[in-house]
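In what follows, chain A forms one complex with chain B and a second complex with chain C.
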Partner chain A sequence: MRLMNAPFLILAVVTLVGACAATMLRGLVHCALALAIAFAGIGALYLNLGAQFLGLAQLLVYVGAIAVLIVFVILLTRGADSESLSPAARPVAGIVVATAIFAILAWAVIHSSSILSSGQPAPQTTIRQLGAALMEGYVLPLEVIGLMLTAALIGAVIVAMKENGQ
Partner chain B sequence: MTPLAGCLLVSSMLFAIGLAGALTRRNTILVLVGIELMLNAANLNFVAFWRYGPHSGAPTGMIFVLFSIGVAAAEAAVGLALILAVYRHTKTTDLSQLTGRRP
Partner chain C sequence: MLDQIFVSLKYWLLGYSPAAIQPAVSILLTIVPILLVFPVLFALTTVLERKGLGRIQNRYGPNRVGYFGILQPMADGLKSLTKEDIVPAAADRTVHFLAPLVLLAVAFLPYAVLPMGRNMVVTNLDTGVLFFFAIGAISELSVFMAGWSSRNKYSLLGAMRAVAQMISYEVPLLLSSIAVIMAAGSLSTVEIVEKQAGFTGIFPHWYVLTPWGFVGFILFMIAATAETNRSPFDLPEGESEIIAGYYIEYSGFKFALFFLGEYLGMFAISGLGITLFLGGWAAPLPFLTWVPSWIWFFSKLLGLIIGFIWVRGTLPRLRMDQLMNFAWKFMLPMALVVVVSAGAWRFLPQGVTRWLASTVFLALAYLLLARGVETRNKIAKRTYRFAE
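Take a look at the complex of A and B:
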C-alpha cells in the first residue's frame, strides 16, 4: 500500500481552503478571488496526477476565463450587495444536507473493496495521442461541442444584450 | 489510505463544499460558484480513476474531462448572462427577493 505524496496533500488543502473561502466569505470579489485559487489548485492537482494537458486547460478555461467572467458580472451587478440585508433563510439545513452527503460519500469510499491500491505508474498519454483520439474516435462529440459552444455564446450575448425600448 | 481513496475523498469534500455554498448562499452568482465547484469535483473523479484505475492506455478519462470543461464553460457563460438579464429587470441578485416576483 502506497501512501499519498506530500504535494498532493498540500494541493488538496489549498484547493479545499480556497473552495471554503469562495463559498463562505462575505465580499463577492473576495469570493471570486478565492474561487480562482480553488480552480488553480484543482489544475495543479491534475498536473500532480499526471494529466498535464488537462491541468493547463483547467488553468486556461477556469482561472483565465470563468473566474474573470464572474468578476465582470460581480462588477456589473454592483450596488446589489443586499445579502447582508436579508440573511439566509435556512443556512443550517443546507449545511446539514451537505454534511450528510459528504458522510455518505466518504463512507462509500472508505468501505469500498474495489478501490485498488495499485502502485502502477502513471499512464503516459502524450498530447499527440490525445489529439489523435479527438480526431479519430471522438470527432463527432468534438464537432457537437464546438457547435454547442458557439450556440451558447451567441445565446449568452443575445440574452445579456440591452433590450430596445428600455 | 491509497492515493485513489485520497483523491476521491478530496473530490467528495469539494462536492460537499460546493453543495453547501449552492444551498445556503442567497446570491445568484455565489450559487453559480457552488455549481462550478461541484462540476470540478466530478472532473477530479474522472482524472483520479483515469490515473489509478485499471487502464489500457486509452485517454478516455482525459477526453471526458475535456468535454466536461467545454460544457461547463458554456454553462457558466449562459448562467452569467441570465443573471445579468435578471439584474437588469429587477435590480437585484438576491434569490430570496427574486422568488415569488412576477416578471
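Take a look at the complex of A and C:
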C-alpha cells in the first residue's frame, strides 16, 4: 500500500491511542486532553495526505477551539475532579451506536475507494482554488452558515445575560 | 555571496555527506541552526530586557557577571539547571511534566514558515500563515495543562485568564492579518514578502506604509503583545495578584523552559509581523539593498523586541474588564474596519484620493470607536478614602 509509510503508521498509532485514552481514562480533563491528541493526530494525517487547508483548519478549530471549549465546560460545570462514567455503564447502547457508526463509515470508505481507484492521480487543489470555490460556487451555503453562527452567538450572549440579571 | 552565505554553507556541507543520508542531513542542517539561534537570541534578550527595564526604572540592572553583565544568562541557566525540580504532592504528575514540553515544541514550530532571509525558509507552505495560527492555537492548551495540573488555585486562575485573553485577542490578530492576506492574495509567507518587494522613490512597498497597513500593524502588535502575555497584558501571571499565574508550581529548569517558550513565542509573532507588514527580509531603502537580507530580518526583529521592552517598562497592567472591553469593543471593530479599508484600497484608483479616502475612513472609525470605549469608563481623578 502506498499510504502505509512510516509517518502514516506513527500518526495512526498516535490518533488511535489518543482516541482510546479519551474513552478509557477516568479523569474528565484527562479525557479531554487525550481527545485533543486524537484531533491533532487526525489533523496531521490530513497534512500527511497533502490536504493542507483541511489539516490546518482541523488543528485550528478542533485543537484550538473545541478542545479548549470542552476543557472550559468541564471546569466551569462539574468540577475537574469528578470522574467520568465507567465505560461499562450502558454497554448495549454503546455497542449499538459504535457498530452503527462503524458500519456507515465502512460503507462510505469502501464505496469511495471504488470511485477513486480508476487510476488517475488525485487532483492537486491549491488554497486559491478552495477560496474561489467558497466565494463563487458555494457562497450561499457559506453565508447561511455565517448567519447561523451569528444567531448562535447572539443566543449564547442572551442566555448568559439572563443569568446575570437574576 | 554574503546574502546567501548560510544557504551556500548548507549545500556545501550537504555535498560532503553520503547520498544515502542526504535527506536526513539536509533536515538537520535546516533545523539545528533555528534551534540554536533563537535560544541564543532569547539569552541576549533577557540581558537587554533587564538592562533596559533597569534604565527605565533608574537603576543599573545586571552588571556583575561578565562585562556589563553580558554573561548573566549563562549564570541564570546554570542556576536553573542545578535547582531542585519540585513537583507538588497533589499535582497531576504526567500533565505537569508534559505542559512545558508541549509549550516549547509548539513555540518552535512556527519558525518553520518564517522567511528569515532570501531563500532562508524551512518550508514554503502554501498555507503558511494558517499554519502559524493553527500551531499558536495549541499553545493555549499547553498553558491550560500547566495551570490545571498544578492543583493550585492561583495557577488555575492564571490559566483561565491566559486562555480567555489568548482567545479574545486571536480574533483581531487574525483579522488584521487577513487584510494583508487579501492585499497579497496569498497565504504563503514567502509570497507575501515577495509582494512587498520594490520601491517607489525611496519608499519601499511595505504594507505598513499604507493607511490600512499602518493601522493593521498597530492592531497586530497590540494583539501580539496580548497573545504572548507580555506587559501591559500580563494579567495571567500578574505577580501582585496571582503570584505568577499558571507556572507558580514550576521550579528549576521547567520554569526556564516556560520562560524560553514565552520569549520564543514573542520572537515568532514579531517575525510574522515583520513578514506581513514590514516587508520581511527586504531592505528599507533602495541604496541599502547590498546589506544581506538576514541582517535586515534580525534588525527588524531586534527593533520590535526593543519596542516590547519599552512598552513593558512604560505601561501599567490592565484590569480584566478593561482587557476584555478593549478587545471586543475596540480591537475587533477596528480590525473589521481595516479589512474593509484594505478591500477598498485594492479597488480605488491609485493616487492621492485613495490615500485621503482611506485615511479619513480609518480616522473616523478610530474616533468613533475610541469615544465608545471612553464614555463607558469615566476617567476621573482617583479619590482615596483612607490613604491620604
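To be clear about the criterion, the second predicted complex is superposed on the first by the 115 of 166 C-alpha atoms of A that agree within 3 Å, B and C clash if a C-alpha of one lies under 4 Å from a C-alpha of the other, contacts with A are read in each partner's own complex, and residues count from 1 in each chain.
As a working rule, a residue touches a chain if its C-beta (ideal position, glycine included) is under 8 Å from a C-beta of that chain, and two chains touch if they have at least 3 such contacts.
Values in this document were obtained by computation on a predicted structure and should not be read as measured data.
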Inset, instruction - With the two complexes superposed on chain A, say which partner A:22 touches: chain B (first), chain C (second), both, or neither. - result: first
Inset, instruction - Have a look at where A:102 lands relative to chain B and chain C in the superposition and call it first, second, both or neither. - result: first
Inset, instruction - Give the label of whichever partner, chain B or chain C, reaches more residues of chain A. - result: B
Inset, instruction - Look at A:75 in the shared chain and tell me whether it touches chain B only, chain C only, both, or neither; answer first, second, both or neither. - result: second
Inset, instruction - Name the contact category of A:65: first (chain B only), second (chain C only), both, or neither. - result: both
Inset, instruction - With the two complexes superposed on chain A, say which partner A:36 touches: chain B (first), chain C (second), both, or neither. - result: second
Legend entry - Partner chain in contact with A:56 - chain B first, chain C second, else both or neither: second
Inset, instruction - Name the residues of chain A shared by its contacts with chain B and its contacts with chain C. - result: 53, 57, 65, 72, 80
Inset, instruction - In the complex, go through chain A and note every residue touching chain C. - result: 27, 29-30, 33, 36, 40, 43, 52-53, 56-57, 59-60, 63-65, 67-68, 71-72, 75, 80, 126-128
Legend entry - chain B - residues contacting chain A, complex: 1-10, 12-21, 23-27, 29-30, 32-34, 36-37, 40, 43-44, 47-48, 50-55, 57-59, 62-63, 65-67, 69-78, 80-85, 87-88, 91-94, 96-97
Inset, instruction - Give every residue of chain C touching chain A within the complex, in rising order. - result: 92, 95, 125-127, 130-131, 133-138, 140-141, 144-145, 148, 156, 160, 163, 167, 185-187
Legend entry - Touching residues on chain A, where the partner in the complex is chain B: 1-5, 8-9, 12, 15-16, 19-20, 22-24, 28, 31-32, 35, 38-39, 42, 45-46, 49-51, 53-54, 57-58, 61-62, 65-66, 69-70, 72-74, 76-77, 79-80, 82-83, 86-91, 93-95, 97-99, 101-102, 105-106, 109-110, 115-118, 120, 122-125, 129-130, 133-134, 138, 141, 145, 148-149, 152-153, 155-157, 159-160, 162-163, 166
